[in-house]
Amino acid sequence: MNDAGHNSSAQLKSIVERIERLDTDIKELRDDQKDIYAEAKGNGYDVKVLRKVVAIRKQDPQARAEQETILETYMHQLGMLG
Amino acid sequence: MNDAGHNSSAQLKSIVERIERLDTDIKELRDDQKDIYAEAKGNGYDVKVLRKVVAIRKQDPQARAEQETILETYMHQLGMLG
Amino acid sequence: MNDAGHNSSAQLKSIVERIERLDTDIKELRDDQKDIYAEAKGNGYDVKVLRKVVAIRKQDPQARAEQETILETYMHQLGMLG
Amino acid sequence: MNDAGHNSSAQLKSIVERIERLDTDIKELRDDQKDIYAEAKGNGYDVKVLRKVVAIRKQDPQARAEQETILETYMHQLGMLG
């Protein structure tokens, strides 16, 4: 590893501050998401389920369908499906 | 809870798509951070330590100093300071 | 906070070592679980789904059924159910 | 993947229940750790720092010393060391 000492403080400072600016931007976007979920909750939506829908929409539909089929098979075998 | 059924699909769709757009924006900013860390690594910086510096800069300096003092005391008592 | 210095090194050592022994025991049990999942995989089971079944069995059945109903409602409204 | 259906319910049940028993055992050990930390807190120890000590003791001393040296270098360059 090239000894950090040789890299100037200015370079290090620039790296860290660019990371920090992006952290600030990310936090703002996260806060925006929180606001949307709070708004949805106020409109009667179940936030936990909303988050699950968002997560499901990121999955490959076919892969998800396969997993659901296997899950149903296992739950049936374990008497979990009433 | 107001039955989601009464809320129109359009409202639900709008909520989910706004969340997803923000997720996309956040992912782009995360990717930018990865690029910065990769660039820093290329310049000889230790990425693990860089991340620690960024984390430390988010802490309250006085609270951190107190924790470091206690840590040193415990490590000394446990013979961890050579 | 009572200054740690006044507490003897022996007391601190005992606390830390008891925690560490429990960490060792927990790791062994985790390894046992990994072995069971590996065995199940060898017998044709889908480990990801198995983990989901174990997680579902920890949930309150009624609460889970309610969430599933709401999820289905939202997914239907979003045209995700084909 | 061997169709789970061909594997008997008994086999699946045994796998899941063995996992669950281990989960129960792990939870008990975790609770024991919580008790130790609570006891330590009652004796004036800083639990957050105690956890850090336990984590540090799991690290390779030499690798940790190297990281600490680099960290100090970066913090010095960033004027974080007063």
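Residue numbering begins at 1 within each chain, and the chains themselves are lettered A, B, C and D in the order written.
The rule we apply is simple: a contact is a pair of C-beta atoms (placed from the backbone, for glycine too) under 8 Å apart; a residue touches a chain by one contact, two chains touch by 3 or more.
Values in this document were obtained by computation on a predicted structure and should not be read as measured data.
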item	value
Comparison of B-D and C-D by number of C-beta pairs in contact, larger one	C-D
Magnitude of the superposing rotation for chain A and chain B (Cα, nearest 5°)	180
Inter-chain centre distance, chain C versus chain D - centres from mean C-alpha coordinates, in Å	12
Chain centre separation in whole Å, for chain D relative to chain B (CA means)	19
Where chain A touches two or more other chains at once, by residue number	4, 12, 16, 45-46, 50, 53, 57, 70, 74, 78
For the chain A and chain C complex, residues of the former touching the latter	45-46, 48-50, 52-53, 56-57, 67, 70-71, 74-75, 78, 80
Contact footprint of chain D on chain A as seen in their complex	4-5, 9, 12-13, 16, 70, 73-74, 77-79
Interface residues, chain C side, partner chain D - complex	1-4, 6-7, 11-12, 15-16, 18-20, 22-23, 25-26, 29-30, 32-33, 36-37, 39-40, 43-46, 50, 53-54, 57
